[in-house]
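First chain written, first letter: the chains are A, B and C, and each begins at residue 1.
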Amino acid sequence: MSAKKYFALIAIVTAIFIAFLYFSSHIFGGYTITVLGSIYIFIILAISYNLINGVTGQFSLEPNGFVAIGAYVTAILLISPEIKSELYMLSEPLPLIRDVFLDPSKPFNPFFALLISGAFSALVALTLAFPVFRVRGDYLAIVTLGFGFIIRIFLINNPEISNGSMGLDSIPGFASYFWIGVACLVTVILVYNIVYSRYGRAMKAVRDDEDAALAMGVNTFKIKTLAFMTSAFFEGVGGGLLASSIGSISPDQFTFMLTFQLLIIIVLGGLGSMSGAIIGTILFLGGMELLRPLDQATKHLGPFHGIPGLRMVVFSILLLLIMLFARRGLLGDKEIWDYIKIKKFKES
Amino acid sequence: MDVGFVLQQIINGFSLGSMYALIAIGYTLVYGVLRLINFAHGDIMMVGAFMTFIALGVLTGWNFSHISMPVFFTAVGISILITAFVGILTYVSAYKPLLDKGAPKISLLITAIGISFFLESLFNVIANQYLGGTYQAFYFPKWFSTIIHIGPLTIPVLTIIVPILTLILLLGVLYILYKTKVGIAIRALAFDIYTVKLMGANSNFIIGFVFALGSALAAIGGIAYAMAYPSIDPYMGMLVGLKAFAAAVVGGIGSVTGAVIGGFILGFVEVAVPGFLPELGGWKDAFAFILLIFVLLFKPTGIMGIDFERQRF
Amino acid sequence: MKKLVALGLSALVASTLMAKEIKVGVLQPLTGPIAAFGQKTLDGINLVHSKYNKLPNGDTIKLVVVDNQFDKIQTVNGYKRLVSNENVVAVEGPLASSMALAVKRFASDTKTPTVTQIATNPRVTKGTNYITRACFTDDFQGTVAAKYALNHKLDNAVVVFDMKQDYSVGLAKAFMKAYKKGGGKILKTLFINTGDKDFNAQVAQIKKLNPKFIYTPIYAPEEGLFLRQLRAAGVKAPVMGGDGIADPGLLKKLAGKAANGVMYTDHFDAAKAPTKLSAEFIKEFKAKYNRAPSAFAATGADGYLLIYNAVKQCDTPANSKNLSEFKACVNNALRHTKNLEAVTGYLTIDPNTGNPVNKPAVIEKIVDGKTQFVELVKP
């Protein structure tokens, strides 16, 4: 595809999506809008998680940690010092934490807050990458899983920074439906460009054969670290959006459950496929609703009735079945347009 | 700081550490043979504890007021057998099909997470539906909680038994690995799985044996854990399992002795830090992972210094 | 009085409407980690709803139940669904303070009267006119415990709280404030984490300090093992907890004999009905579910009764208000509730804060494996 054609395509997609955002916010009611909004946020999280797990092939379990960092940084930046001194009930906030403030009513400030959140997450990712990627082996999974615990323990044990288990509320709601949609679109375009850039190809090379990539002169440590940091950046941004759209956060929100959901999403859509991650998000969030009766003790399903927790059993079996029988998920590691292209080619 | 307090902490550390050690051995064995972090291993320990509870319930007719030693050990025996079987089952149903297809390692790790979640949610449903709640009290013969007074120390019998049992089991595992045919086969398999297959060894039997052995040890660890802290729930294995894996890496993954040493170190750290520096008590669950990151930074081969490309166990 | 307010409001409008259904939303955790609490709450709500669903002019109240899964995203989505798709006039829930805080902004934005029946965090009703609370706050519960200890000359204490639970941290803070003010001495605050099983480090410290009183605002799974280890180490001081351990079944199961003597503050005692309505409720609850109602069921019923009473005042024969006027009327009536006969006692809401006035707490004690009433404490 020539550069001209490519930009034209992006412009068209952007125009269509913005139009959709505009009209949907007028047509649908508050509930549909809220659900669509959370789908956009999950798309951001899923495609960035896919970057490290699917594209680079490094099994990581990090999203909950970085989403938490992003959410807290955004919250601390945007809550005014007056509200903060009222909010921090367990201990006085550190002067630095109390005074740092980007007035959300000024233009671009929420945008800067999101960027800082992402950058902060990426920085933490860099410090984690150092011990982990230096050695071969699957330590990334266990370290990132542990990291999720450490972040939560940090948030709980440092009330002067995070207000402990009480969490933060009154977070300014700049993340309207429209802006979440725009953020999602921008993320998709950016990540797409990374995946199909020189770095993206290097990431795939690391996934397919690390030794061969190394032999070809790819600095695998650098590539893995880069992928991990990019992933963390967008997860931080997603966390910031999440915090703003809900308005209150607490350490409990960012458990391993969040990571597990994202893992199912990207495996369902096909590891390594961006469009797969997007479709996976929609299917998963929809499926959660469809399977809800399984959890309700009062609901009768034919001769059976729901049992609280049964839904999780079904989900884990689903994950296992996909891995065992359809390991490539819905789209494999290809994109949806690759399939359309092949079809077109056959037709012609 | 009185001597009694210090001694008490040391004994508690030994006791907690042995439970981590028993679970860590299983991680190290499976990792050695398949290079797979078996995320479900922590939940296998939970299965061991729950199965003992259920077997005891069935044997005593759910009346736990008096449990005699023979009944208890029958239940423990049944539980160890079932847990070992569950271990083999996870290998046959979830890992083997992928290994046969030559799937990339990331698929195996995802399946492992899937199995872990499956076991947790399954036992959650069982506990809620048939046992009357997520949390269950764990019952065992009263003799184990008999308290021995030595000077200023108060030590339950159990606290002394568990570390001794752990050391005996460690010797047992080492004996199997170095003195029996199966053990030699395991070590050969760990060294080069393809060559061993080419030489006609039944690699499935050997790997199955590794899973059974690891799961049986995890079951014993789980039972000891449930006796020390007599409340069991379906999620009890998750964190303990992760910590035990961290302990295995600290000790030197691939080394059975290393796993035991790593387990003891973690046990000591977790008891000593909140004991002597109470203000750090909130960080208890993070110690294992902080320790892990430091070991990866400065000595990736762990305390036993296992160079994974050259030697194992 | 109440009728006057309602008449005044309804006299403005004329009635041409037929009997209709009025929807009330119920947003509770029916799945997820605290599903059991949500289910108990719903049992209480359903029982009073089956009795009090007809309004004087022939309209009926219909409940729309939504599960929030104890998850903030689901809580917000569920709340929006109730408000914008189901057009409910009021929402009861959500149960936990952290979830109630998540709906605070949306309650104000959509001007929906929301009754949180058992969220005890003081911040829940702060800064909004649309959230009304049906129970006492942590501040009061902590004060009650402190008063009890001081009245019994237990003037030095150790506080053990759970760092991971906002509930526990808030309650511990409230207790310490009241206890120090009353002349008590806090020897030490120790903390634990949800899911901890080994409390030997804390117990060793307590043994060394030898306090007269131990306050443990933690949840039952931890309290059970804590008590066991505490009593095994030979500490005999009285222990008191908050409504987090008001699940005597679980506590007795986990602590065994060590549960004896432990006290806790609770919203009401099923053996001592404070009102006539309450006595009936307890009787019918036992008949229907074959067990005594817990505090969750009782407060759930209270929340519904508050909403029912408010809707009853607004839904007069002359009612032709549109939805937003109706909601404004319900909210106003909710906030001006006076001496409403409910399950845990008589409810009066302070119009400015949205909190109940003079809501008493009970102190219970476990004796020989049975729950025993100790005393009723009024603010």
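Everything below uses one rule, namely that a residue touches a chain if its C-beta (ideal position, glycine included) is under 8 Å from a C-beta of that chain, and two chains touch if they have at least 3 such contacts.
This one's a predicted model, so the numbers in the text were calculated from it and none came from an experiment.
S.K.: Which label fits the chain touch graph of this model best, line, ring, star, complete or other?
M.R.: Topology of touching chains reads as complete, every chain touching all others.
S.K.: Could you name the chain whose Cα mean is nearest to the mean of all protein Cα atoms here?
M.R.: Chain closest to the assembly's C-alpha mean: A.
S.K.: Quick check for the class: compute each chain's Cα centroid; which one is farthest from the centroid of subunit B?
M.R.: Farthest from subunit B by mean C-alpha position: C.
S.K.: Which chain pair shares more contacting C-beta pairs: A-C, or A-B?
M.R.: Greater number of contacting C-beta pairs: A-B.
S.K.: Per the centroid of Cα atoms for each chain, what is the distance between subunit B and subunit C, given in Å?
M.R.: 41
S.K.: Quick one: report the Å distance separating subunit A from subunit C, using the average Cα coordinate of each chain.
M.R.: From the centre of subunit A to the centre of subunit C is 35 Å.
S.K.: Using mean CA coordinates as chain centres, what's the gap between subunit A and subunit B in Å?
M.R.: Computed value for the inter-centroid distance: 33 Å.
S.K.: Where does subunit B touch two or more other chains at once, residue-wise?
M.R.: Residue numbers touching two or more other chains: 239, 282, 285.
S.K.: Please output the residue numbers of subunit C that touch at least 2 other chains, ranges allowed.
M.R.: Within subunit C, the residues that touch at least two other chains are 163, 193.
S.K.: Spell out, as numbers or ranges, the residues of subunit A touching 2 or more other chains.
M.R.: As it turns out, subunit A has residues touching two or more other chains at 153, 156-157, 308-309.
S.K.: Under the stated contact criterion, what part of subunit C meets subunit A in this complex?
M.R.: Per the touch definition, subunit C meets subunit A at residues 30-31, 35, 39, 67, 71-73, 76-77, 80-81, 83-85, 98, 101-102, 104-106, 110, 121, 123, 127, 163-166, 168-170, 173, 193.
S.K.: If you look only at subunit A, which of its residues touch subunit C in the complex?
M.R.: Within the complex, subunit A contacts subunit C at residues 29-35, 38, 89-90, 153, 156-157, 164-167, 169-170, 173, 242, 245-253, 292, 295-297, 308-309, 311.
S.K.: Over in the complex, which subunit A residues touch subunit B? Could you list them?
M.R.: Per the stated touch rule, the residues are 53, 57-59, 61, 128, 130-132, 134-135, 137-139, 141-143, 145-147, 149-150, 153-154, 156-157, 260, 263, 267, 271, 307-310, 312-313, 315-317, 319-320, 323-324, 327.
S.K.: What part of subunit B is in contact with subunit A in the complex they form?
M.R.: Touching subunit A from subunit B are residues 35-37, 39, 94, 97-98, 101, 103-107, 109-111, 113-115, 117-118, 120-122, 124-125, 128-129, 239, 242, 245-246, 249, 253, 282-283, 285-286, 288-290, 292-294, 296-297, 300, 308.
S.K.: Can you name the residues of subunit C that touch subunit B in the complex?
M.R.: Listed in rising order, the residues are 36, 163, 190-193, 195-198, 200-202, 204-205, 220-221, 224-225, 228, 232-234, 250, 253-254, 256.
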